[in-house]
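In the two assemblies presented below, chain A is common to both, partnered first by chain B and then by chain C.
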Partner chain A sequence: MAALQENQSLTEARLAQVPPQGAGWANTARGAALARVRAMGLPQRRDEYWKYTRPDSLVQVEAPKAALFDHDTGSVFEAGERLKIVFVDGVFDAVTSDDLAMEDVTIERLSEVTNTDIHWAKDVYGELEARGQNPVARPLAALNTGLASDGVVIHVRGRVSKPINLIYIHNSTGSDAILHHVIRLDPGTELTLMEDGPAAARLNMVLEVDVADGAKFHHVRSQGRDHERRAVTHVFARLGAASLFKSFTMTANGKLTRNECVIELTGDDAVAHVAGVAMGDGDFHHDDTVFITHDARACESRQVFKKVLRNGATGVFQGKILVKQIAQKTDGYQISQALMLDEDSQFLAKPELEIYADDVVCSHGSTSGAIDEEALFYMRARGVPKDIATDLLTLAFLAEAVEEVEDAALRAAINAQLEGWLLRRRG
Partner chain B sequence: MLNINDLHVDLEEEDKSILKGLSLDIEAGAVHAIMGPNGSGKSTLSYVLSGKDGYEVTGGTATLDGQNLLEMEPEERAAAGLFLAFQYPVEIPGVGNMTFLRTAVNAQRKARGQEEMSATDFLKMVRAKAKELKIDADMLKRPVNVGFSGGEKKRNEILQMAVLEPRMCILDETDSGLDVDAMKLVAEGVNALRSKDRGFLVITHYQRLLDHIKPDVVHIMADGRIVKTGGPELALEVENNGYADILAEVA
Partner chain C sequence: MAIVDDMQAKDGVDQETVEAVRDVGGTYKYGWETDIEMEYAPKGLTPDIVRLISSKNDEPEWMTEWRLKAYERWLTRTEPDWAMIDYPEIDFQDIYYYARPKSMEVKPKSLDEVDPKLLATYAKLGIPLKEQMILAGVEGAGEAPAEGRKVAVDAVFDSVSVGTTFQAELKKAGVIFCSISEAIREHPELVKKYLGTVVPVSDNYYATLNSAVFSDGSFVYIPPGVRCPMELSTYFRINAENTGQFERTLIIADKGSYVSYLEGCTAPQRDTSQLHAAVVEIIIEEDAEVKYSTVQNWYPGDENGKGGIYNFVTKRADCRGDRAKVMWTQVETGSAVTWKYPSCILRGDDAQGEFYSIAITNNYQQADTGTKMIHLGKNTRSRIVSKGISAGHAQNTYRGLVSMHPKAKNSRNYTQCDSLLIGDKCGAHTVPYIEVKNNSSRVEHEATTSKVDDDQMFYCRQRGIGEEEAVALIVNGFAKEVLQALPMEFAMEAQALVAISLEGSVG
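Take a look at the complex of A and B:
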């Protein structure tokens, strides 16, 4: 009883923040979201879903301070052509952002959209998040829907000529960003979205993606190199028939990261791949929590998560594949692996399969281990110094996840970051 | 060139002596063979010389061109010109064969104070050498030894040897797991590398490899030391009479 009261007061304290005012539909969506938060309560340590990750610093009213990291050399995806949308500490920055006009796509700011009386976004904003609350509660996502003040709303109507790159700059040590993005892809369309940067001292980000029949969505994300920042992110996706959804996240450093991805395969023959690489050194806690629901026939899902941990870093993986009775011919795959570069680090994994259809193929695996000593000796015996050999083996370990990025230039940009991270930690 | 004197080696994990006073001198240009029954310490010798963990040298010396091998890291031994063709070449998923070779070549050149090889020159050189060993472009692109047959793995070892051009080559049971044709191909690769500046130590159970790689000197090893040394005829004697006769004779 005491625990319940404690949680209620915690939740109420956080909800004392007044949500931004908007038009009717937005206020309704926000009000409903905050009601969901009240009903669920904000996450606590004793919640089963937060068993491996302490939610305290994500829940508390004030964002814990995070020093600025001044070694960042700009966007990871600098090379290619893209439309840049910049947020500084979670606030849209018109000066450094590109013009949002582009053919076959409408890009609007969330704050504009929530002020219009009628907007398609009302069918997605908070809707996919609400669907994703069952069977597992995700209160911090509902909190985001209730309180988000900025973000982008993107409607894709054709094959977009260049990727959209959301750039998140962290510029203030106490910043607390709540960003909410909504994307709708019409049937047969295609979009690549990059996200890049730490965003704030504390980030709560929700991305809702509605992928219509035959549409393709590619998501490539880098969460910056800040050491002290915290982040909780949720990606909610609903996939139509024969659609494709691919999401890849690179995380280097960061005190605390919880990346949730909730995917619903609602049309036959849809494909969803979620992948991530996380590199942690020292005060680093990284949690990938994935929930994929197969609710249509002959869909394919893949979860590929790799972590490199050293100096007491912690990696967490909670991944679930739920195959409903209707979802015959499902092809599901899940792998989570950690490479420990010393004996101080830890990896906690909870892979789950729940299958109600009888004609499915689902495989899963989870491992943690050290560098392969046999391979290391073999390479050294050919003259490759130990540090270079270790880096090559580490990159090889990460390769299966990085290969989930389809675009060769983006893949090269990711690999360059990973190599740099390893290089700075040599010897 | 390679001088081993009264080498004593224990296994680190268990209190067990493997090499018990082994001495061996191999001069440049010569091919020496070591034969011996299972458990005589042949593979241990190759691992200790190349610097694998898990062995403790309790006495004796091993030098290559006067440099103390036993004090060097494995990569330093390689840069000094030592090469071990593995009995069981290691599979390295995710590391391309070409990337591996090029990293090895350039690391060795750097260690020796030479300039790195350009990508074009390297590619040209590897392709030419691969062709001689009937290694196709696909094998070069694949991850190191992953999905290779036994014969392909051994050919890949010889390719690495040809590309790295070591001073001293140790072949640890290179004939194991090979059919006659594959063995011939490997032997041809090795013979092509024979030169007055290079020494070879061929470790084998059987005489048949020595039909193809003709040794100058044959040693019989038993219980951690060399018990008999002779010419190529010694290998034939083993083939005809087995080890028992020789061991009885020296006991």
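Take a look at the complex of A and C:
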């Protein structure tokens, strides 16, 4: 009883922040979202879904301070052609952003469309998030829907010629960003979305993606190099028939990261791949929480998560494949692995399967351990110095996840970051 | 029964096999009831009932106090709800907590004095309580295995132990094997030292309940360096209606000793569900080894999910000494609801824990079962092999924890859990928790879910094997790794049980 009251007062304190006021449809969506938060309560340590990650600093009213990363923080995806959309501490920056006009796609700011009476985004904003609240509550996502003041709304009407790159700059030690993006892909269209940067001292980001039949969505994300930032992100995706969804996240550094990905396969023959690499050194807590629901026939889902941990870093993986009775011929795969470079780090995993259809192939694997001494010995015997051999084996360990990035140039950019991270820690 | 008829018609099938399968019968074979005069404690749970159970067992004061403390504790707790099982609320005040045959009022001095009706009950179950007869395991078709191995039996009927065989012979070896009620009276120093040290009174809701009201169960002590000369077993029979069975088993394997222990259970077929909440504690000292095998065949309820046993069991082994070893093997075919996680605490360095499980659910059965491997000592090893088979409308969940503590350097775990689904209305679920807190340990977890392979089915059918029989064959192959871990007599029975449990699940 006391716990319940405590949670209520905690939730109320957090909700004291006034949601953005607009004249349009969004008020209803925000109100409904805040009602969901009140009904669920904000996450607490005792919650089973937060068993391995302390939600306190993500929930508390004030964002904890986070020092800025003072080294070169250029975009990871500098090399390729792209349309840049920049947010500084969670606020759209028109000066450094490119012109939002591009063929086959309409890009608008969230704050603009929420003031209209009628907009397609009404059917998606908060809608996929609400669907994703069952069977597991995700109150921080509902909180985002209720309070988000900025973000982009993207309607894809064809094969977009160049990727869209959301760049998140962290510029103030106490910034508290709440970003909410909505993307709709019409049937048969295709888009690549990159996200890059730490965004703020504390980030709460929601991305809702509605992928229509036959559409393809590629998502490649890097969460910046700031050590002290905290982030909770949710990607909610709904997939139509024969559509494709691929999401890859690279996390190097960061005090606390919780990346949730909630995917619903609603059309036959859809394909969803979610992958991630996390590199942690010292004060680093990284949590991948994935929930994939197969609600149509002959869909494929794949989860590949790799973590490299050292100096007391913590890696968490909670992954679930839910196969409903209708979802015959499902092919589900899930792998979570941790490579622990020293004695102090830890890996906590809960890879789940929940299956109600009989004609399926589902498997999951999870391993953790130190670097393979035999492989290391083999390389050293052939004259490769120990630190280089260790790095090579680490990159080889990560490769299965990085390969989930289809575009070769983006893959190269990711690999360059990983190599750099290892190089800086050599010797 | 289709399987048996098919088999009779075929040439080349070993007649013995046919008989064995026919013997284990079609539907639940143990659904009959023994008509015997019973004595009950009043329904419901109060401190007076706890005192009554204690006094029926002639327990010393400290034991009564222990129970009452557990009862107080139980009042403050709520039933756990995290398992993937769904059952109507249990009215804990509508259960008899104590039921014993009237004839057991004065404890028989030897098996010769036991009510013939009770002896007949066990004989009918395939457990002859006569020492000259050699047991063929729990199921037993009554035939003695060729090499004539002996198995000592403690037979528990509702709330009391009816008798224990081979006590004299075991005593010669220094082994104590008796009912727990007897142990509390005869060996209080051992019971006091170990009871509740592996599964504390406050461990979980059902363990707390058990601590308050356990009526009987088995006690085993194997002295240092002794290899128990025969297999020990306990056979649990629930007979009385509306009665809960709460047994408590305590096994102590002192330094360098070895024992293999078997457990079997059945109950009559009834429309109302019955509660079974047991606690098993095993203490394993340095260099000792315990093998614990269970064939759980409680009444599972009928094909519409009516009746059946609710099986809420806490089993845990504490490998206290270095190089201590425990092996849990379970074949779970019965019960309407199973909630059971036999666990290993690997405290000593180089300790080993193994868990082999087959859980088969059919009709409306629900099983949420698995294990916990807690690695505390250095170089500890554990292995988990779990096979879940779901048919009909059943739900089958593997739930497990592998925990490597920071000090458990160079430890290893390997986990494999596979699920098989037969039919599209059942479910198979896997909920593993993996917690690794040092880097010299290696943890590997694998799980798969599939259906009975079409190619394998086709292969069998093409060779004239009936559909149900083919499924049984394939499932036996699927579960082979676990069946092989069972003592021989149990393995044979378990194979037959696999076929029986899946009856009617095809087509």
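Structural remarks
We adopt the following convention: the second predicted complex is superposed on the first by the 424 of 427 C-alpha atoms of A that agree within 3 Å, B and C clash if a C-alpha of one lies under 4 Å from a C-alpha of the other, contacts with A are read in each partner's own complex, and residues count from 1 in each chain.
Throughout what follows, a residue touches a chain if its C-beta (ideal position, glycine included) is under 8 Å from a C-beta of that chain, and two chains touch if they have at least 3 such contacts.
On a predicted model such as this, the values are computed, not experimentally measured, just so you know.
Comparing chain B with chain C, the partner in contact with more residues of chain A is C. In the superposition on chain A, A:Leu185 contacts neither chain B nor chain C. By the document's definition of touching, neither partner reaches A:Ala29: not chain B, not chain C. Judged by the touch definition given at the top, the superposed model places A:Leu392 against chain B, while chain C stays out of reach.
Of the two partner chains placed by the overlay, only chain B lies in contact with A:Phe377; chain C stays clear of it. Counting contacts by the rule stated earlier, no residue of chain A appears in both its interface with chain B and its interface with chain C.
Those residues of chain C that touch chain A in the shared complex are 82, 84, 406, 409, 419, 421-451. Note for the complex: chain A touches chain C at residues 48, 325, 328, 338, 340-343, 345-370. Contact residues on chain B toward chain A in their complex (touch as defined above): 50-53, 73-75, 77-79, 83-84, 86, 89-95, 99-100, 103-105, 107-108, 111, 143, 160, 164. By the touch criterion given at the top, residues 372-375, 377-386, 388, 392-393, 395-397, 399-400 of chain A touch chain B in their complex.
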